[in-house]
Each structure stands twice: as C-alpha cells, then as structure tokens.
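Every chain is named by a letter (A, B, C, D, E and F) in the order it is written, and numbering of its residues begins at 1.
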Amino acid sequence: MGMRTSAPAIPAPVLSRLARRALEEDLGSGDVTTDLVVPATTTVRATLVARAAGVVCGLDLARTVFLALDPSLEIQLTAGDGDRVEAGAALLTVRGPARPILSAERVALNFVGRLSGIASLTRRYVDAVEGTGARIVDTRKTTPGLRALEKYAVRCGGGHNHRLGLSDGFMLKDNHRAALAAAGRPLPDAVRSARQRLGHGVAVTVEVDGLEQVAEALEAGADSILLDNMTPEQLARAVAQVGGRARTEASGGITLESVRVAAESGVDLISVGALTHSAPALDVALDFDWDA
Amino acid sequence: MGMRTSAPAIPAPVLSRLARRALEEDLGSGDVTTDLVVPATTTVRATLVARAAGVVCGLDLARTVFLALDPSLEIQLTAGDGDRVEAGAALLTVRGPARPILSAERVALNFVGRLSGIASLTRRYVDAVEGTGARIVDTRKTTPGLRALEKYAVRCGGGHNHRLGLSDGFMLKDNHRAALAAAGRPLPDAVRSARQRLGHGVAVTVEVDGLEQVAEALEAGADSILLDNMTPEQLARAVAQVGGRARTEASGGITLESVRVAAESGVDLISVGALTHSAPALDVALDFDWDA
Amino acid sequence: MGMRTSAPAIPAPVLSRLARRALEEDLGSGDVTTDLVVPATTTVRATLVARAAGVVCGLDLARTVFLALDPSLEIQLTAGDGDRVEAGAALLTVRGPARPILSAERVALNFVGRLSGIASLTRRYVDAVEGTGARIVDTRKTTPGLRALEKYAVRCGGGHNHRLGLSDGFMLKDNHRAALAAAGRPLPDAVRSARQRLGHGVAVTVEVDGLEQVAEALEAGADSILLDNMTPEQLARAVAQVGGRARTEASGGITLESVRVAAESGVDLISVGALTHSAPALDVALDFDWDA
Amino acid sequence: MGMRTSAPAIPAPVLSRLARRALEEDLGSGDVTTDLVVPATTTVRATLVARAAGVVCGLDLARTVFLALDPSLEIQLTAGDGDRVEAGAALLTVRGPARPILSAERVALNFVGRLSGIASLTRRYVDAVEGTGARIVDTRKTTPGLRALEKYAVRCGGGHNHRLGLSDGFMLKDNHRAALAAAGRPLPDAVRSARQRLGHGVAVTVEVDGLEQVAEALEAGADSILLDNMTPEQLARAVAQVGGRARTEASGGITLESVRVAAESGVDLISVGALTHSAPALDVALDFDWDA
Amino acid sequence: MGMRTSAPAIPAPVLSRLARRALEEDLGSGDVTTDLVVPATTTVRATLVARAAGVVCGLDLARTVFLALDPSLEIQLTAGDGDRVEAGAALLTVRGPARPILSAERVALNFVGRLSGIASLTRRYVDAVEGTGARIVDTRKTTPGLRALEKYAVRCGGGHNHRLGLSDGFMLKDNHRAALAAAGRPLPDAVRSARQRLGHGVAVTVEVDGLEQVAEALEAGADSILLDNMTPEQLARAVAQVGGRARTEASGGITLESVRVAAESGVDLISVGALTHSAPALDVALDFDWDA
Amino acid sequence: MGMRTSAPAIPAPVLSRLARRALEEDLGSGDVTTDLVVPATTTVRATLVARAAGVVCGLDLARTVFLALDPSLEIQLTAGDGDRVEAGAALLTVRGPARPILSAERVALNFVGRLSGIASLTRRYVDAVEGTGARIVDTRKTTPGLRALEKYAVRCGGGHNHRLGLSDGFMLKDNHRAALAAAGRPLPDAVRSARQRLGHGVAVTVEVDGLEQVAEALEAGADSILLDNMTPEQLARAVAQVGGRARTEASGGITLESVRVAAESGVDLISVGALTHSAPALDVALDFDWDA
C-alpha cells in the first residue's frame, strides 16, 4: 500500500536517461551471444526474484530498462519499492520476445541489486533504533552519478535524506571552522552573516568536535548541531546542553552494533555514510519460464 | 614504479567527463557554505590520506576533479594507482585557494574511496590464491555508468577483466541453453554456427551447471568453460575432464573464505561479482594544513 | 568588495557547459562574416560596457565564453557581479585576435544583458522595501535551462532564493489543498504526515488564499505561510494572526508600485515572479579600440 | 485554420529534448510536495488558460512536457500556436492522474508564458506597422539555448526571422567596418570577395551608420542595407537613395511608440531586439477541475 | 529469413540516439519548405527503393528515424538488413501524414545509402574470396561517431569484425615494435608480459613487416599474425612458416582486383580499410504515391 | 596564405566536442596495447604525412584530437586546410610522450583522411569546370553527425555550400510539387505565399524536371531553378529560357566525366552529392621518428 515507500518517486525522464545510459554501457554494439543463438521468434516469461530477504528498490527503473530495449514487452510489478520481502519473493514479471529480456537482464539486476542493497541496509539501521525517536539519515558519500537514485533507496529503507548537495543546505564543518580561525573571524558572526544571505528554506548545521564547541554553535543560531565522533556519553551530554534549541545529529563511525546506543543518547538524527558507500548488493535474479 | 598499475589507464576525455558530471551533481548551483564563510583569498594545502590500509585507486581522477573546478590548483601525486598503502599514507597533495579545494573534496573522496575499495578487496582475493595459478576476474555486476572505472580498479588490485560488455565476448549461459532447448536446437551446433559469424578476436565461453554438460561444451569448441556453483570436488573433476582443452572458470558464490580451496581445484579463472557489487569503500580523507 | 555579491558562485563546469552550448547555438558551422573579412592577424582590445545604469551580473560567464572560443585571449574584469554601475561603466576588457572576440560578442552580451536585467530589477525591488525587514525572493518562474544562472542573478541584485526546484522545498499550494479536499483528507494531518517523511532540512510552506485558512496552516505546523493575492490590509491581519509562529510570505501580483505597501504589512518575504519571467535586459555593448 | 501559424514547426526531437531538460531542472530528484500529499489514484482535468489577452505560443511544447512525465495523460489542444486569444481563453486540456499534471505544471507554464510573451509583443509591433509594407524581424538577442523556440514565437506573432546564427547570413557590422579600415582594405572589395566564397543562398547585409556610407554599401553589392540608429528623416532619405537596389532595414532603439513612424519611412524591415530580450511573459495558468 | 543478417543488431537506445541527433542536424529549427507548402492534412504512402543492386543495411534505423519525427507513421519493412537486392527493389514502406515523411526523407536515405554502400562493397570482397576459406574483416578506419553502425554494415555484407576499439584487442603494430626497440626491450618478452595482464578474452595480434619477423611473433605467442603489405608469394611463405600455430592476416593495399590472389595464399583473414573509409553510397530513393 | 581556405573555420567548441566523442569511441576504457608495451617515459616525434597527392583538410581538428588526449603535446602545422599537396608532404608534427600520440593516431588519421578525401574530390570537380563560371556545390547527402565538417571540407576543396539544412533554405522539390498537385494548389501561388512568411534571407529554389516547368518556376519568383537530371542540351535551353532572371543549377547524376559539358551549358551551379556521400579517403599516415 501507499505508505510503504517514502516518496517522492524519481521522475520518468531521469529514469529513462539512466536506463538508456546503462544499456548503452553494457550492450555496446549489441549482444553477440543472445542474437546469435536465440531465435528472434522465441518468447519467454521471466520473473525477477529476491534470492535473499531484504527491502526492494528500483522496480520502476527495472521496468524502464526493459521497455527501453523493447517497448512491446509486457511488465507487471508484483512488489513495490520499499516492500520488505523474503528470499524467493517475486518482484516483477516480464513477458515477450526472449532476446531483449536476456539482453537487458544484467542492467536491470545491477540497478535493483544495488538499490535494494542500500534500502535493506538502511532498514536494518532504522529497525535498530526503533522506538528511540532517532532518525537514520544518509550523507553525500554516494556513487558519483547515482545520487538521486541512492537517496531514493535510503527513503525506501525508511531512512531520511540529508541535503541533496552543496546548494541546498549550509553545513559548517571542521575545515570551515579552521578556515575561519585562519582568517581570524569568529564563527558565530560568520554563521549569522551567512544566514542573512542564504535562502530562507536553507537549514544551517554546525559541526562540533567537542562539547566545548556546543555553546558557540548555539550562539551562532544553528538549526542543527552535528556531533562528530563522540562517545555515547558525550552525545548524551551534548543533547542535554543543547536542550532542544537545535536538532542534534550524531555522525562518524557509527555501525549497526553501536547505533542503538547512540540513538539512546537522545539525538534527533544519526547519519551513516555506509548506507550508500558500503552497502552490499541484495542478491536478485531473473528466473525464466520457457514454457510460458 | 611502472609495474604497480595494471594498465591501461582510463583515457583523459573519459576522466574529464566523469569528473564534471560528478561535480555538477554535488555542487548544483554552488557551495553555499564555503562561498559564504571562507574568504576568496584564503589559501591552503590539503593532503589526501588513507585512513586504513589498502590498495589505492583513482588518484588521476581525483586530480582531474580538482582541476575541473579550478585549473590553477597545484597537485602532486605521492602514490600511484595500484599501490598498497598503510593507514595514514599520503596519496595526493593539493595547494591553492581554499574554496575550490573544499568544494571538490567530497567528489574526489567519493571516487577514490569507492575505487580503492574495489582495488583493495580484489587484492585480498588475489593474495588468497597466490601460487595456485588461478586468476581473479571481475564480472558485469558493476555500478551502472562506472563500468570502465570499476574494471580499472580491479586491474589495480591485481585482478583481471572479463569481457567489458555484451559486445566483446560470447558467453552462453544457462538461459541461452534453455532457449536452445526450447527451440530444439543442439548446443554444439549453435555455438559452432555462432563462431562462424563472430569476430575472430571474440572468445567463446560456455557455462555448465553440472559435470554432465562439460563434454557438450568441449564438443562445442568453447575457449572457456564456466563452471557455475560447483563444489571444490566438482571443480577438480571438471578440470580433469577438460584436460587443458579449454580454460576453466569457477563462478558463483565464492567468498574470501572459499576462494583458496576453489583455486586449488586447478581452475584457470575465478570470477567474483562481489569485487564490484559489494566492496566496501576504503576510508580516505582530506587533511588540511592552514599554515602552509 | 566581497559583500557586493550574494554567494555562492556558479561552479566552473556549469559555466563552461552553458558557454559552449550557447556558442554552438549561435556560431553553427562558423562565423561567415568575420572569417571572410577580418584578417586572422588583426588584433584588438574591446571593452564590455553598460549603456544604462544597473546591477551587473554574468561577468565570469562572459569570460568563460570568450575563452571557450580562444583560450589565448587576455581578459580583465573591471567590475564584479553584483556591482551597481552607471551608464558608461567599463565591466570587462578583452584583448587579442579580433576574430574570436567578434564571433563571441553576441553570446557574451546576451548572457550579461539578461542576467544584469534580472539583477537590476531585483535591486529596484530590494531598494523599494529597504528598512521594512522584508526580503525579496524569487520563484520557479525562470527560463527553462537557465534556472541556476537566473537565481544567481537574483542574489546579485540583493534578493534571496526560494527553493531551487520541486525536490528541495515542500510547498502546499491551492491545488494540493483541493486534491486533499477531493480525497477527504484534512490538511493538517497530511502536512504533519509529510513532514515525518521529508528530509529534516526541507522547509514546509503552506499557501493560504484567505484569512480563514491561516489557523489551519499553523495547526499543520508550517514553517512558512504563503499569503496569496491579499490586500495590504489582509496581509497585516494575517501577520498579526500568525504572531511569529511561522514566516509569512506575500505573493501574487506585486509590482514595484505596490511592493512597499506590502512590505509594510510586516511580512517576512515577498516573492516576485517578474524578477525572472519579465525582466527587461540591461543594455550592454562591446566597444572596440582598433588602435590598441 | 492553417494560416494562423507562421511555419515551420519545431521538430519533435527538439521539443522532446527541451522538455526533458526543463523537467529534470525543475523536478530534480522528485516533487516532494505532490508525491507526499496527493494520492497516486487521484485523477483530475486541468485547463491551461490565458489570464490576459495575447498571442499564444508553445502549446505543442506544453503537450510534450506533460507526456514526458506521463505518456498516459490525455491532452487536447483547444487553441493553436499563433492564435490571438482573449483573457480567459482555454488553450489546452489535460486529463489523467493528478500527480504528473501537478508536477509538470510549472515547466509547461514557463514555456507557454515566455513564448506567448514574445509572440504577443511581436504581434503588437506587427499591428503597429500594418499597411506600411514594413516587416518586423527579430535579432540574435535571444535567450542562450532557446533560440529556435524564440524565433518560432516571433513567427507565431506575425514577425519574420533574421538569420538563425552566424553561419547562415553575412552581416558586415560597424566593427567589421572598423577592422577593414584598420587593415587598410576597402569595404566594397572585401564584400565582393567574400561573396565569391559564400554559399549562393547566403544573403549579404551591410550596416551603415550614416547616409554617407549608403553609396559604398550599394557599390559593395549588398542585398540588404541595415540603417542603424537613424531618425525617421534619415531613414526616408536612405530609402530614397537606395532606390530599390537593396532591401532596407531600420535597426536600433525602435520602440512600440516609434515603430510606426520608422515604418512610414518606407524601409522594408524593422528589427527589434526587445522582441526576444525584453518581452514580459504572458500570464497563463492551469485551472484544475477536481470533479471531472 | 534469419540467416541473412550477421547479428548482433544495434541496440534500440543507440539507434534512437543516432536518429535523433541526425534529425536535429538536418532539420535545425524546422523544415521551411514542407511546412509552408504541404497541407498538414495531406497523407501519402512512400516506398524506400534501391536504385542499384547491392546489399541493404540500415532499415531498422530508417524506421527509427521516421518514428522519431512522428510516432503515428505506419512502417513496414519489405526487406531485411543483409539482403541482396536488385535495382528497383522495395525495401520499406511508410504511410501517414506527408509532412514528417518528407522532412525525414534525407536523413533516412543518408543512413541507408551509406550503410548499404559498406555492406555492398563488403559483399563484393566476400564473394571474391569465396571458397578460399579466407574471411574479410574490417579495420578501425571508420567514420568518427558511426563505428558501431559501420561494423554492423560489414557484418551485413558477410564480412567479420576486427576489434571494436583499442580496449578489446591487443595489436602490436610497427610503431610499438619501434618503441620497444628504442627502449631496448625484446618483443617476445614484452608481449608475454602484456598477456599476463590482459583479460583472458583479449586476442593478441602481432604485425610483421617481413618474413624475418614471423619467428619472433610466434615466439611471442601471438594468437594472430598480421602480415603487412606483403606480396602473394610472401604471404604464402609466411602462412607456411606459421604452420597453423597462429591465425594469419593479410593487410595493406588489398583491392577487389588483388584480394582473390591474396586469399589463395592461405591466410585466414584479409583486412580491408576501404570497406569503411572509401565505400561509395548505394543509390537509394524514396518514391511517393500520392493517390494511396 | 590566408586565401587558400574557404572560411569560415569550424568553431573551437565544435572541434573539441567531435574530437572527444571520437576518442571515447575508439579508446573505450583504454589502449591496452600501447599502455602495456610502451614505457610511460618514452618520447617521440611523429609527422602526419600525405601518402597521395590531394587537398588536405582537418589539420586543426587533428591538433584538437592530440591535445584532448594530452595537453602537453607540442604540435606544429606544416600545411593548412585547403592546401594542395604532393604525395609525401608533411602536414603536421607532434612531439612528446609516445603513449598519447600512439593512442590518438587512428582518430586523427580517420578525420584527416575522410575530410581530405572530400576536399580532394571537390577540387577535381572544381578544376574540371575552371573557366566556365560554374560553381561546384554540395548537397545534404552528408554523413549523419558530421555535416558541418564535411561542408567545411567542400569549401577547402574550392567548392561552395548549399543550404546547411532544412531550416536555412527553401527548396521545392518534385515531391512537394506532387503534394501541391494532390492538394489542387497552383505552384506559383504556393511559392509566393511561402515567401511572404519566410525570413528575408532565405533563398527560394524550385526544382524542375522538364523544360515545360521552367516558366512556372519563374512565375513563382524563384531565386534559383534546379534543373534535375537534364542532358547538356536541355540545360542549355533552360539557361536560355531563364535568361538571367534566376540562378540555374544542374543536378543529378553528374560525374567527373560529364561535369565539364554540363558547366558549358552556362548553368551557375552544379551540385554533386558524391562529394560527400562517396568520396574515397585520402591516404594519410603518421610517421614516427624514435631518435628525435
């Protein structure tokens, strides 16, 4: 049902562009195996299945991939992006000439495997913090060229998105702090001055490396305070010090093992780079039924 | 030295296109944080370092990324693609205006982290089979849009490349076999007929799911026989049966734990999809020296 | 000085892409006039000047345009984006072979004229509300393909940016309200539910068409309330009713004549579509000195 | 009827490319508002209407925009490009799922508003010179990236097109004249020599800044003489001097107020840069009928 | 029937991209002739015919071209890529509105004429060596941007493809040999070392300029030996010397007159650059039936 | 000297785009041969030479190709586009690291060979009609994607360009005539009506298939009359009938053998499709000096 996916969906022109680019990359000047051994008249029904349990993502994109190679293929989704599925679950059925189905198979699987891997890992983090009130959020540590897709996969796994890129969020990190120090400019002044020129919808985050910097971040008027590489105890003390005057976000080296404890510190957000930079792919496959 | 990298290098126009696309994706209409708090006149020296041991990859691309944002930056590589490095190793130094260095940081790190992750994982597999004569090879399970880069990373890790895509290698897989069966056409005929029409430089691989199919593949004249999902014992028997008349390749579910045993079966190649679809990123960072 | 431009600057790869596309559009297969009558050895110095007073914008882009046609040209900026200038002011000097300067002239002028037109009109609105505390903001009514540039021009004129597109801001408009009504879903519920799934940095705006909807928007927890097509009196009453619990934004049919009165109602933001959809170009020209 | 539009129409692949690019620019990674509050099953009928009188342009492009987001939408044009319409006129109806209609709305309106603005302003100039025999023509002062569309809009407004770019027309302007003088080369020689090498279909225009240059332009064999920045009296004298041996074109600073007098001088063409560089958008909107 | 075409076919997304690019190139901002003189309601049936005998190629691409301009056109292929046809043969029928058919005509003919020219010339070479066992192969001397299409046309003419580009085949040419000599490195060592690092599916070819280099190439373990610019006698001696230990390929200055004699030397492959760099177009035309 | 080339030159951004696209096509993921056998430190000087006499074209593009792969290469042109050269003539010298020179060689040669082939064939036609006053012109029968380059090559050979595409010239061909007949509309009316709506710089050509259609074309006010597939006698009679009231152009099946006689009929233009659709490449090569 409609609630399972954290919208919004990726727009059709984006899906179409990514599908065509991936097909050109894999097919090059054509599929020499399929075209030389499979008769043009052979038809088949194939089912995209999950070989392991997880959260699926990328099914609309898979459909776009198949149709980009042959618009006559009949495709039916039997699951939706964001669904939890068991090993063996059928996700999508495609029926028609066997050649384009065989030629598009790998590209469709590569997309669904990777995105479902991200969604599934995200879901594990989200489940781990259930009930604490903390949100799991992604980072900008995404695959170059696939950010919109990967952030969509995080949403499908129940996570939330951080800024999309450097334009739609202000985040003062340790190196900006050092640059300000080098220029002899107080941080709160710099942040307040920046806010005067930012769009009103742009959130202001200030990263702090130690508890002694929290007061300064509050003075700067941060909407969010990013607590970098802190122990659970430090996180709890920082949350207390902030006292609701800004959102608090834990960041840095948080794993599936440590995320629950971090969440219990009371932070609002926990950002996890591994969601996108190190998620193993979900094992998915295309099963063919030649008697169909 | 020259031997460390498995050539060939990615051509400059490809690096340039990928760097620009990734920068546009991350920067959007500009870096609101850096431009609003860091003075345009501030300069800095920054060092790209490995935070963990591994095999590095993507340094030429990182250079291209920085220069695409500001061609006046001075860049020095202190390691080379394919080098094994320890945690803390300096890989690249960039010096110049702080703004473009800060704005390009994440894109450069995303490329180097991901590619070095692939190279490092590949190296672990290659080391695990050392002395057996087996080669570790990649698959087509790559990130859509980044195949050339990821296959380059596999080479940097000491692995070898399978076909680049569906055009430059003939590989008859289980579904092609099923399609032939459905069409009532004997496999050896189909393969021999295909070879008549393939370019002479295109290798012919036939996948077999059981030992009973090996004879048929040999009869078909395969250059390579892909042994899918077999136990070490089955692999050894298949190698014996082939008797050097074709290359043998183990495939399917091979892990770092099982790869050595598989290699000892005497197969020539072991393909590992995880090299590209599930390698965790290597932890890399950019350290700034504001007094430089 | 540094304060004159509302950062951030447009990234170099974006400037380069836009400059090349515009040059290809205008030059086609080449400049038949210049190449046939101007000797290849003729050199010249040309000055980009404002023919009317205004706020200039697009000078970095003009530089990129000239260099894309001939990287050997020497270019000097004598003004900066965001500067107020008088008629006759010199903005940029280019020196070198006459052919590329003549061939690139129109593209450079088209960019600078259009962007300076937007910056200049924005400045007039900003000046008109000076001292009231209201900010002038843009809309999504931009030229397709040039949004980043045009929003940059608004910043150069002292205005502020609304969301960049449909991804980085939540704005519930009258038609969304109608869709909710058609679906029988209360607005506050829908907005609160949406916020649960939005990224934490995404601002929530609710448009209201009449004072009776303000309470509902507040109940929904809007960060911003957009007051559409209201009289100054209605605006003042709405501001009072909101009482600082959300930002207030006036929108709809506001002109240079009416903007001051609207601002005096106490609203925080005034959005003006005409900044980008109807700004006349600033008159700029390239003056040549053939004795240079 | 068929005469209302000055053909030719923009080819479908161009419309498709421009529509997709504009949608990607506005939608980014998706429409967060619509997807989170409007149920996927809600359908609607929406009507694109003119809020002010004018000449409409861009309706085929609007259709392409809607279909690029969802090919299942049913679209009906109720007016044609080039039609004069009154305020309130219905231009296009779209029916289907509400989500893609809401998400595509702004892009469709931006195109139609801008192009109709150009067509409407052109029509005012064309009407102003009715009966004089003078044609209103555009210039190369168009929006970078949208020249073909904007020149199409000029045709829809009853105007005519000047050359499309620097490749398809020879126009010797004041700076070329100065370059010739600097090189010590007589203008008539240079023009006659150029014509020997031009394609036979390329028209030759020579700009003159004063009456004393007209004879030289005639001697050069110009097909057209561009009379730059002249008073009506100067124009009339120039027309008499040319005596039908070349087309005459008035250019420079001509407004809606002055265009009739300029036309009565007897010139054949009057070029107006403002048609494309400073036309205000026509006010258009999308009205939704949720009970449809 | 299925055997006439040497598969694989060019993938649909590639055809679509090439068709759209070519249409934009030819149509620019529109077809001024057709749109101004042919009524929008006129329909027609047109037949693409061969005006000379030859082997046809590019019919799927022609269909893609017509549909890219108007998806409502009804198209029927009456021949297949790779078919030998006589002068006058009907190849494809298109029926529908006359405007898009007239506007797309030239692009469709340009593709089919050029590709059929290559297929037809290839077929003449293939026929000339019939019975000798030699294969005709292409080179990398293709039109920039059209390599995949042109290599497909070679296959349609009965020829075979050499490597697609520099990535998928190792070919040590005379200049590489000279570079090795300059570096003081023995060729066999270099080749054997290279093979250690090449993908296992990459064929190794060594070019020899004289018989004295054949032994060295064999020692290097070449899969193929390219015999450059040799007389038929030299070719025969080289073939004897190789004795089946590698494929042999004749190359350099082979014409339709000399190819038979070269083939009779016993070489396996004969590469002919002229197939793609100098094939005259096949004369094709579009015949219109206005009474249809 | 400056007169040898028929300007205009192809703009730098176009050359750069074409060079990069061609390099990506040929190099794919890298040059496996060069990178594996040629040391990175080896340098060389190479000379691009003509192996046959002809007119050279594409040298600026060749320079762009080499620099796109390695901007550090030193390049010197020793001939210019449009020069007639003898076999053995040196055209361009490139010096620097051997790897990028070897990797870019084929792309540079493909461009120069093809474009010089067109220029050389054009020159033969131009020489054949010397003294008759007839111009040799090209057609739209160009390679898809390379029209601007190929029309430039025609100019370099002394030919002239017809319209660039369907937008910048009105040409009523036999099928348009048939469409008019089918619609019951007199040709002269249709052409005069079209001219009212065409840009003033767009030339009007009417094709005639027989002498009986010449009067009608003149009545229509054609600027040019295209005499299709006529004998020299028919051409002469048509020229006499036109009597200077329009340009006359011979077209259809004209060869190097027949072009002189056609020219002596007194026609102004002779269009030859073979210039671009069937010109054999000029034999060019890159000679390496390893001792340099």
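Definition applied: a contact is a pair of C-beta atoms (placed from the backbone, for glycine too) under 8 Å apart; a residue touches a chain by one contact, two chains touch by 3 or more.
Keep in mind it's a predicted model, so treat the numbers as computed, not measured.
Novice: For chain B and chain F, which third chains touch each of them?
Specialist: Touches both chain B and chain F: C, E.
Novice: Name the chain whose C-alpha centroid is most distant from the C-alpha centroid of chain D.
Specialist: It is B.
Novice: Report, in whole Å, the distance between the mean C-alpha point of chain A and the mean C-alpha point of chain E.
Specialist: About 43 Å, centre to centre.
Novice: In whole angstrom, how far does the Cα centroid of chain D sit from the Cα centroid of chain F?
Specialist: Taking the average C-alpha coordinate of chain D and of chain F, the gap between them is 31 Å.
Novice: For chain C and chain E, let me know how many angstrom lie between their CA-based centres, rounded off.
Specialist: Here the centre of chain E sits 51 Å away from the centre of chain C.
Novice: Residues touching two or more other chains, restricted to chain E: which are they?
Specialist: 7-8, 27-32, 34, 36, 39, 103, 147, 164, 167-169, 197-198, 202
Novice: Give the pairs of chains that touch; include all such pairs.
Specialist: All touching pairs, sorted by chain label, are A-B, A-C, A-D, A-E, B-C, B-E, B-F, C-D, C-F, D-E, D-F, E-F.
Novice: Going by the contact rule at the top, pick out the chain A residues touching chain C in the complex.
Specialist: Answer in residue numbers: 6-8, 135, 137, 155, 160-164, 166-169, 197-203, 205, 223-224, 247, 268-269.
Novice: Help me check something: in the complex, which residues belonging to chain B touch chain C?
Specialist: Per the stated touch rule, the residues are 20, 23-24, 27-32, 34-36, 39-40, 68-70, 103.
Novice: What residues on chain E touch chain A, complex-wise?
Specialist: For this pair, the touching residues of chain E are 2, 7-14, 16-17, 147-148, 151-152, 164.
Novice: Which bits of chain B are touching chain A when the two form their complex?
Specialist: My answer: residues 18, 21-22, 25-34, 36-39, 42, 44, 98, 102-103, 105-107, 109-111, 113-114, 117, 140-147, 164-173, 175-176, 178-183, 185, 190-191, 193-194, 197-198, 202, 274, 277-281, 288, 290-291.
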